[in-house]
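Each of the two complexes below includes chain A, the first together with chain B, the second together with chain C.
Here is the complex of A and B:
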């Protein structure tokens, strides 16, 4: 009996009871329809729109001619590529030594380092960018002032408003990706390999260079690519830093196309290279990561001993704290200082302390407090939809309930290759105008967030479902329950923890999403990230810091909840998709 | 007979405000039945705009969604609204006059002449002869500087002084692609000195923010020392103890007349009209003066420390020049300054 059950299950329609209508089919169809709506249609609209004339909608290439017809626009493309490469390389320099030290050595403070990487990870890049404006403003930045005080020089060496400045800031808040990938890989390298090298006469450094690192190389490359993609898709940091630094990147240029006059068609055409580069690199990344044909990375055998670094362990610890100082300590010290300051440039004086910034954003500003609420509500709804939707899809795919179910799985992970800005333009083109007329509604933001974070949900859901033995559901079916009952009464309760983990992994980044929100928000649906961005217009860093801190503080209980339910560093482990 | 006539006139004059008051009461009653209003505003600082919005709520109990951004961002938002056939904005207050000329010619405004118009200073009345938009704020673009770093005698005295090599790396400006004040200033400089002015300014490596109010922050932080800033936001910040001062350029401060208009198709027509009336009240003028804006009502004194406008040499491009000129200078600016 139980032997035949799985065989029956793999059939699209069970022949025995084919005549009886199974209502769960409606659910599957609904899921497919929703995926088409969320993923396929915005993408199709994006491509179509790029070939449409503005008013008439006729087929034309002129959008492409406009989009690439000026040297300035082309420069922005190259700036983005350069920025991506520089940021990724820098992020590698920050991340790889740290990952190695944490995963493979006896460096002190490994737990602390992990925690600080997590703190970096949950800092939105635009918040980091603002903090670094306070730190490395060419004249008033604290690092420069300190330098001038110590050396007596006329000017300091740091200038955030430069290409290098932007690359550093982006690298500082994207290096956790490489860290996550690399530690995961290094933790699998067995010590026997390294022992072999040692026996053959290689010292610890040489072993690391010749054995350990090459084994982790695919993971490192994978992380570098993610950083590269993150850097070219980012909107907030470039908008805050590149405008005063006086250069454009693709995302800021796209924003200009949404200016006066609104040229969605040109923006769509201009977004194509960004999309192309991303698709290509994600394919490369998958290829690299998958090609880890080394036994060491897949096998389980062998023990793993930490490498004893001797005195060098303190050097490594110093480096870890140096990176943490750049990404966490210094930025937060000065963000907190600004949030409580009357004027940030005046420094740490008692008469410069005030609560007025918090009062202003929480009570006096008409929409700032509301924007925080909006962020949390939209993120909550999006995370909920995404979790249930991906659970359904993962279930269909894992149990092969419909033919070509794999396509659905693909659709769920496809948004991963669509940069937030591009996704937003697709959503705008597809759903802002009538007939749906979602322009300026909360719904368009919620749908865009849902789509953006589908891949995170899907990867989690499919891992979780694959860990379930189908026999438990079979029992329900044998006893006459429908598949829906099996899902509701067996699968969902068993996966509660996983689903909550996935929910948090979507919810937390969704509360700070800016790249898509900036194109889709309406005056009554402003979210906190957009509010922060708007405040940067007037250079109100004191209030902006206060709002950014409120957002961070509100996230802490959620992190605590996640860690309680799912274990320490659940964010760091599971986001590495 | 003559006495009788003047008596009648006096009586009429005495009752005129009452009649207007009655109209306003009816308007207020109708407005209260409608919803919150949404106000796209670029006129003031965020604080000033929020203060004014709250003042209206306190007076009439109608909530104002204050959407304060730079002029071009507000306009961009409005154009997107229009393109998608949405009327979200009830009252539109930009600092770029060109927006009004364009929107008016496209029939986007609801015609309404505030009852209170006769009470504001004459200079600001009847800006649009057809009554679609009305002056609701005025301010100046002037030279500003950080007094802790620059002595008054060393401060720039005319616009060309900003080109002096001694200010290299020390100048701050906003961006015409965002700010209506900055756009109007750039246009005025181009008119006075040609685009070479900006080719030269570029050599001084100014720090370019977005809003004109960003210059205040840049000066306060000590990030920059001199700026083309707005008198209002600079003096307001100075009054709170920040080391800032205004230097009225001898070749003319740029006067920015900023209108407001009611959007056609607004779902809250009465509340929007009431809000226009409110912007002309003494209360609104007081709030405006508190934030160092030029008060529209003659009863309200100019903010302390600000020179009365009659003593300042001002320059101002025409509406037609602004309408055509600002989009042009935004492009030129991007070519010269890189973005």
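Here is the complex of A and C:
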């Protein structure tokens, strides 16, 4: 090999002084400024506002006195807790048997079940609620009509406008969280752990009781807590069902404080228990999952043989299809029916079929089509900001580029404990008043969505970066490339898929976000979820169903893209939640 | 002039001293290994040479110019070095050819020249036919060759290797040791090689730096390290050995079950315990009393294991308490419990600290 002098020989070799204020500090300041704006300031304003008198801004406790001064306000708090507990328990009943059957047994249709859980997961809870109003409305609901037709009774037994109805509907669309946690845990229990119990004399049931279930229990509890939090933070379903049923929960009560005139101070004071319960339970959940859960399961996986259920596997399959019928089949059948119906109550008749609903929402309605566009544009911008911001923070934290980088990481995951409704009140308190006066602008929605989904982005980004061996970048640098070259030529190409996945995991839920949007939208910034909510208040179920279906159909190509890039169950992994 | 000079280099993390007072000079074209157990500071030293971390004290010079000191470092990309990592760090998003050509591309060589050099080096490591493959399609040994080619093709001033063979299986490891030495002989690149495997260091290196707990124990050529270890740590870390304690009694040094003339063994001065290292291979076993002038005494076979390439005997000197390990040719068979004569050249007794 000829030894010609490499071009790099001409480079001067001199020590570069490490100064205290180099560019990394500027970057740190920039990122912390953005995170202060997105995360800290809304939170701080929420707390401050709760102690401020309306107009004057003086310090006062009167907001708390107002917020907790009436029995029905207190009732709403307890209703939320009861609702959370009931929904979580029901969701557990739906999810745990399914998770076990899919992860560990030879039940037929395991792939199909997974797919149907995914279909449930991507159905916005308010869309589910609307479908269940069609199914179990007191008189006209299809299940009641079917019951009356079969039995000849005067009235049907189902009433969606009840506490039970609401709990069932919420449980049906939040059980995938428990499913995800539980399958993830069960898939880490190797058959060898069960074999070890068997060889020591334990039968299949004792093994399940003493080994398998305890190993999965932390995950199940973790999922239950997430479901509980989801239920108490939810706005759409309670607003559609609880309000007609004449009871309130925290979120609907908050919405009423926000009605004309807006009493943001009282709302802020009233939001505190919701925030407190969420923070507390998230901490408990972390503790459970971390202490006993996955640490115990990180040993070598070993092989996993499915448990042979014999004849029982058809019973399990039946149960899976029953749950799927409640969450997917029945709701979608009647949503599709309504969307194509002149009047949904008239049933499945040929002359009842029309495309007018779609024509109306897409071309005739003043804002419906625009609301879908708004949803996608805002979600797209939010997802992009969140992905790049969290990627930057995760990189800085993982490579320890700056001191106290962990603080930035913490700020990125902190919004996880802030329910959407509370976040929106914080954003309102912080940015609605002058000088920014962002209320009703697209920007405030985009920023709120970004903040809401920062944790999803961060969890994904840091997992992706931690999977990259830093030696990959060091190899670039030692061969003469700068850190920037390493980022461009090695890190970026290797993280492309992960980042696309994270983007979709933010984008898809952001297109359906209602809890924050309902507090922050303005006349020109209505998003699809708000549009659907408005239509439900007008009782316009045919057009609503058409709009909800349009939203779902538009999601499908994205889902397909995500599955192609990241594998079939990319939305059902633990990092997705 | 020395190629690379480390002067009193130290790295501290709070109160913990990862590397202390490390001084070393490498001649141009020399191959030096840093050898020691994990946590001894060898990788830290290598990463300071590469410029990935600044020393807390001391300095590093290349070709007479300072490249590292506590007040600043030339970043790795401006050091004209290259490095082979424990994980190989082959970029999975680039083909073999792109991986190997990367450093040349950064140096802005013309396309044709890059191709020519990449092909040439791939020939050297016998990977030319796999130029278009992606790393995921390569075996561990092939990835290792790509890493070697990628590091060498840029003709670095200094080549750094960080435990490059630790992820390979035993057979391949042995093959790659010779490959690394062969490439060194061909390109004469000044090389620093970090390993915890003594045979790797011995096969490849001109000199070995044995490190323990952040400090240099001894710097010497492999055969000197083995034959004349200076400390108990070096004697125990490089190869197997017997440690025997002696005390000076007049003109004799008394050991456990035998003694030697103080004039014949080295360093037999002063009071207190004297520690000696005695290699199992330096002891000869025979059924009859040997006639030669060396040190000899009678002993009993306590235990034995057959390793194929040699016998490993445990032999207790008559009147002694602890057995000595003795390695003999596979043909030298003695039964457990039988009496034998041991013969030792007094010069094989090496005084260690």
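Keep in mind that, in the parts below, the second predicted complex is superposed on the first by the 521 of 577 C-alpha atoms of A that agree within 3 Å, B and C clash if a C-alpha of one lies under 4 Å from a C-alpha of the other, contacts with A are read in each partner's own complex, and residues count from 1 in each chain.
The criterion applied here is as follows: a residue touches a chain if its C-beta (ideal position, glycine included) is under 8 Å from a C-beta of that chain, and two chains touch if they have at least 3 such contacts.
Model, not experiment: these values are computed from the prediction.
In the superposed model, A:242 lies in contact with chain B only, and not with chain C.
In the superposition on chain A, A:350 makes contact with neither chain B nor chain C. When the two structures are aligned on the shared chain, A:553 is found in touch with neither chain B nor chain C. Applying the stated contact rule after C-alpha superposition, one finds that A:539 touches chain B and leaves chain C untouched. With both complexes placed on chain A, chain A has more residues touched by B than by the other of chain B and chain C. Looking at the shared chain after the overlay, A:437 reaches chain B, while chain C stays out of its contact range. Remark: chain B residues 38, 40, 45-47, 50, 53-54, 63-70, 72-73, 75-77, 79-81, 83-86, 88-89, 169-170, 175, 177-178, 207-211, 213-214, 216-218, 220-224, 240-242, 327, 334-335, 337-339 touch chain A in the complex.
Of all residues in chain C, those touching chain A in their complex are 50, 52, 54, 62-63, 65-69, 71-83, 85-87, 89, 91-93, 102-103, 106-109, 117, 120-121, 124, 150-151, 154-155, 160, 187. The residues of chain A lying in touch with chain C in their complex are 1, 3, 6-9, 11, 13-18, 469, 471-472, 474-482, 485, 489-490, 493-494.
Interface of chain A with chain B (complex): residues 72, 137-141, 161, 242-244, 246-248, 252, 256, 258-262, 342-346, 360, 364-367, 432-434, 437, 439-440, 522-524, 526, 534-541.
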